[in-house]
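For clarity, chains are labelled A, B and C in written order, and residue numbers in each chain start from 1.
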Amino acid sequence: MTVTLDTICRVIGCDVPSGAGAIAVQGIASIEDAEPGEITFLSNSRYAKFLPETKAAAVIVPRGLTPPPGVRLLEVDDAYLAFVRILGLFDSRSRGDVAQGIHPSAVIAPDATLGENVSVGPCAVIGRSVTVGKDTVIGPGSVVMSGSRIGSGCLFYPNVTIMDGCSVGDRVIIHAGAVIGSDGFGFAPEGRTLRKIPQIGRVRIEDDVEIGACTCIDRAAFGETVIARGAKLDNLIQVAHNVKIGYSTVIASQTGISGSTTIGTGVKIGGQAGFAGHLTVGDGASVGAQGGVTKDVPPGEIVSGYPAKNHQQAMRLEAALRRLPDLLKTVKQQEQRIGELERIIRRQDEDNA
Amino acid sequence: MTVTLDTICRVIGCDVPSGAGAIAVQGIASIEDAEPGEITFLSNSRYAKFLPETKAAAVIVPRGLTPPPGVRLLEVDDAYLAFVRILGLFDSRSRGDVAQGIHPSAVIAPDATLGENVSVGPCAVIGRSVTVGKDTVIGPGSVVMSGSRIGSGCLFYPNVTIMDGCSVGDRVIIHAGAVIGSDGFGFAPEGRTLRKIPQIGRVRIEDDVEIGACTCIDRAAFGETVIARGAKLDNLIQVAHNVKIGYSTVIASQTGISGSTTIGTGVKIGGQAGFAGHLTVGDGASVGAQGGVTKDVPPGEIVSGYPAKNHQQAMRLEAALRRLPDLLKTVKQQEQRIGELERIIRRQDEDNA
Amino acid sequence: MTVTLDTICRVIGCDVPSGAGAIAVQGIASIEDAEPGEITFLSNSRYAKFLPETKAAAVIVPRGLTPPPGVRLLEVDDAYLAFVRILGLFDSRSRGDVAQGIHPSAVIAPDATLGENVSVGPCAVIGRSVTVGKDTVIGPGSVVMSGSRIGSGCLFYPNVTIMDGCSVGDRVIIHAGAVIGSDGFGFAPEGRTLRKIPQIGRVRIEDDVEIGACTCIDRAAFGETVIARGAKLDNLIQVAHNVKIGYSTVIASQTGISGSTTIGTGVKIGGQAGFAGHLTVGDGASVGAQGGVTKDVPPGEIVSGYPAKNHQQAMRLEAALRRLPDLLKTVKQQEQRIGELERIIRRQDEDNA
C-alpha cells in the first residue's frame, strides 16, 4: 500500500513540506526502525534521541521542534492523535478476514435468527433461539449458546464463547478465546462440602464495548453483570458475577474484579489490579497497575499499591520505607546517646547528693 | 417462571405472612433493584439501607429485624442459605442447553467409549481410546484427547480442552476455555539454550470438582497433578505441574500455584494469590487476595501480603508503615533535642572544668 | 513400558550397581511415592528425608551420598539433568496424539499451502493464503487466520488461535487456548468516548519458542511484536503490542508485559510479575515472582517487589519493615526519656538561676 505525503498531510491537517508532496510512503514504523519510504512519529520524549538519525520519509511531531538536518518534520497539535489517523490509512485488515458469509461447516440452530449480511465462520456454533443483528461477524470456532442476543455490527474473533441467555449490544468487538457468561463463583458450605449456588443471571454487554482475548466475564448469580457502553477491557481479565463496569471505563490486562463490585464511568485501571467484592469505585477514579483495592474509591481519586491507598500517600510511604534502614541505625545511635546523657545526669545527681 | 410465596416459604422453612401465600413471585433481584413481584434477601448489613424502600414482594431476612412499613419480611435462621435455595427454584438453565445427544458434526474416534445418555455438542472432538461416563455433557468445540477417562454426570462447557491421558471423576464441571493437561513448564539449561523436559505425567481430577473458565492445569512432569474431590477453582487460575490441591479447597480467580506445591484440604485462597514451588499449605489455612506465599503455611494459619505472613502481623506492619512518615519527623526532632541536651551537658562540663 | 537398569545407567552415564543391570524399571515417580519397579531421583535437599524409606528400584543422586541400607543409588554429576534424560526414555506421548493427517472435518482454504506431512486435526481451520511448513501439527479446533506463515515441525495443541498475518518459526510449540496476534490495547480519547487505534502490525515468533496455554500475545500497533528464538513462555501470560522478548528468555505463568517494553536475552521472570510500558530489561536480568517493574532494569540485575528494586535492597527493606513495630515503641520510649532529661536540665537551669 502506498500513500503520498500530500494525502498524509491532508489527513492530519498540516502543511506539506515544500516539494515533498509527491513522495510515496509505503508503511509505518517506529522512529528507531523506520526505513526510507516509511513514516513515523515522535510523541514520547523518551524517543527524541532517535530523531536526528531517523531514516523515515517524514516524522509527525508536536509543533515547535527544530528539525535536525535532513529530517522532514510534519508539525501538528497532537502528534499521537495524528499518527493514529495515519494508522487507519494503512489498515488493510478486514472483517472478511475473520469470516465471510455463512460457512457450510458452521452449525446454526434452525430457530436462530440471523440478520442481513451476518457472517459465521467455519466450525462456529449458533445455539437455539439465538438472534444475531445485521453485519455481525462470528469467527471460526466461536460458540454462541442458546437464547443469547447479539447486536449488529459486532466482530467476534475465533474461539469466543458466549454462554446462554446473554445480551451483547451493537458494534461490540470480542477477541479470541474470551468467555462471556460463565458461572459466577459461588458455593455455600454444607458441613465439610460445598453446595453450588445456581447462577441464574446473565451478562449484558452494551454498545461499543471491546473485550480482550481470554477475558472471562461471569454471569450474575441473579440479575445482571453489566459492561456499560464504550468500556474497553484488555486480555485475561476476570469480571466476577454481578459486577457493573461503567461507561467508557478502561481496564488493562489481567485485572480481576470480585463479585458485586461497581466501577464507575471513565475509570482507568492498570494491569494486574485486583478489587475485593461489594466495593464502589467512583467515576473518573484511577487505579495503578498491581493495585489491590480493598475499600471504596471516591470519584476522581488516584490509588495504588496494596492495600490500595491515595497514590501520593503510597509514594510518600514508599519513599519513607526506603529511609527505614537508615532510620533504624539513627535510632540505635540515639539510644546510646540518650543512655549516655542519662548516665551523666544520674552521676551529677549522685555527685550533688 | 412464577412461584407462589406459599411455595417459597415452604422451601425455606418460614411462616407465610398472613394473607400473602398466593402472591406470585416472578423473579429474583437485589434489594436495591427488586421490582414488585420479585423476591430478594438481606444478609450483608452493607445493604440494610435499601430495606425501607425496597419494592420487593418479600425480603428474606435473618430473624429479629423490625419490618419497615409496607415491607414484607420472611424470617429465617440463615438468610443467605435460604436465598440460595430460592435461586434453585428459579433456575431454568439446563444441561440440554449445552449439548443434547451426539451432534452429527462432533468427531468421535471409533474406539472411544461413550456411556448411556452422553451428549457431545457440535464440532466437539473425542479422541482415540477416550472413555466418557454416562450422562456426561461435552460442550460445542470442546476437545478430549486420546486416552483420557471422563467420569459420569460431568458437564464440560464450550471450547474446553482435555489433553491426552488425563482422568476426570464424576460430576465435574469445567467451564469454557479451560485447559486440563497442558505441559508443565520445565526446561533444563544446556549452554545458552534450553532443553524441554518431557512432561510424561498426567492430571487427575476427582469427583465434584469445578474448574473455572480459561483455568489451566498442567500435567505432571511425571506422576500426577491432582485436584482432589470437591475442590472449586475459579477462572484464569494457573496450576503448575505436580501440584496437589486438597479436598473442598476453594481458590479464587487468577491465583497461580507453582510446581510441586501441595495445598491441603479446606484451604481458602483469595484472588490473584501466588505460591512458590515445593511448598506445603496446611489444612484449613487461608491466603488473602494478592498474597505471595514463599514459605510453608501451617494448618489453620491465615496469611496475607507479599511476602505472605500471618495476617495479624501483616496488618500490624501495614498500620506501622502508615505511621512511618511521622516517625521520620519525630526522630529528626529527637535528633535535634538530643543534640541540644548534649551541648548543654558539654557546656556544663566545660563550666565545671 | 519397561527399561532395564542397564539401559538407564548407559543413558545417564553411571556405573551399573553390581548384579542389578537386568532389573526392569516400569516407571518414574517422586522419591516419596515411588513403588518397587519405579525409578526416582534426589536433587533438592528438601526431599532427602524420604531417601531412607524409598521403595524405588533405584535413586539417581549426586555423587558422594552414603546409601541407606537397602537403597540402590545411581551416582551422577547432575542428578536433575540425568533424571530429565530418563523422562525421555519413558515418554510415550506422540505428535500423532494431537493430529494425524488432514482430518476430513478440518476446513482449509483452497489457496493455503501445506508442506509435506502436515497434520490438521478435526474442526481446525486454516485460512486464506496461509502457509504451513512440513511436519507441522495443528491440533483439533485450532484456527490459523489468513495470511499467516507457520514454519516446519511446529506443534499447535487444540483450540489455539493464530490471527491474520502473523509469522511463526520452526519447531514452535503452542499450547491449548493460546491466542497469537489479537489486537493491541490502544484507544485515543475523543471527548468522553474512546476511538480504537487500528492495530495494523503483526506478531513474529522465532524458532524453538514455546508458548503456554491461554497465553495472549498481541499484534503490534504497527511493526512487530517479537518473541525471539528459544524464548519459553508459560501459561496465561499477557504480552502487549510491540513488546520484544529476547533469545532464550524464560517467563513464568501469569506475567504481564505492557506495550513497547523490550526484554533482553536470557532473562528470567517469575510468575505474576508485571512490567510497565516502554521499559528496557537488560540481558541476563532476573525479576522475582509478583515483582512490579516500573523502571528499566540493568543487565544482570536481580529485582523483586513492588515497585521492583534490587533484590538485596528489597530483602533489607522487608527485614527493616519487620522491625518497624518495635521501632515505633522504642522511639516512643525515647520521647519520654528525652522529655525527662529536658525537664531535669530545665530544673537545673532554674535551680542555678
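Operating definition for what follows: a residue touches a chain if its C-beta (ideal position, glycine included) is under 8 Å from a C-beta of that chain, and two chains touch if they have at least 3 such contacts.
Nothing here was measured: the structure is a model prediction, and the numbers come from that model.
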item: Touch-based graph of the chains, sorted into line, ring, star, complete or other; value: complete
item: Between subunit B and its twin subunit C, rotation from the CA superposition, multiple of 5 degrees; value: 120
item: Same-site or different-site touching of subunit A by its copy subunit C, using the half cut; value: different
item: Whole-Å separation of chain centres (CA-atom averages), subunit A against subunit C; value: 24
item: Shared-contact residues (touching 2 or more other chains) in subunit A; value: 105, 123, 141, 159, 177, 214, 236, 254, 272, 306, 321, 324, 327, 331, 334, 338, 341, 345, 348
item: Subunit B to subunit C touching residues, read off their complex; value: 105, 107, 123, 125, 127-128, 141, 143, 145-147, 159, 161, 163-165, 177, 179, 182-183, 185, 187-188, 192-198, 200, 214, 216, 218, 221-223, 236, 238, 240, 242, 254, 256, 258, 272, 274, 276, 278, 292, 306-307, 316-317, 320-321, 323-324, 327, 330-331, 334, 337-338, 341, 344-345, 348
item: Subunit C residues within the subunit B interface of the complex; value: 27-30, 33, 44, 46, 80-81, 84, 87-88, 90-93, 97-98, 103, 105, 121-123, 139-141, 157-159, 173, 175-177, 208, 210, 212-214, 230, 232, 234-236, 247-248, 250, 252-254, 266, 271-272, 289-290, 305-306, 318, 321-322, 324-325, 327-328, 331, 334-335, 338, 341-342, 345, 348
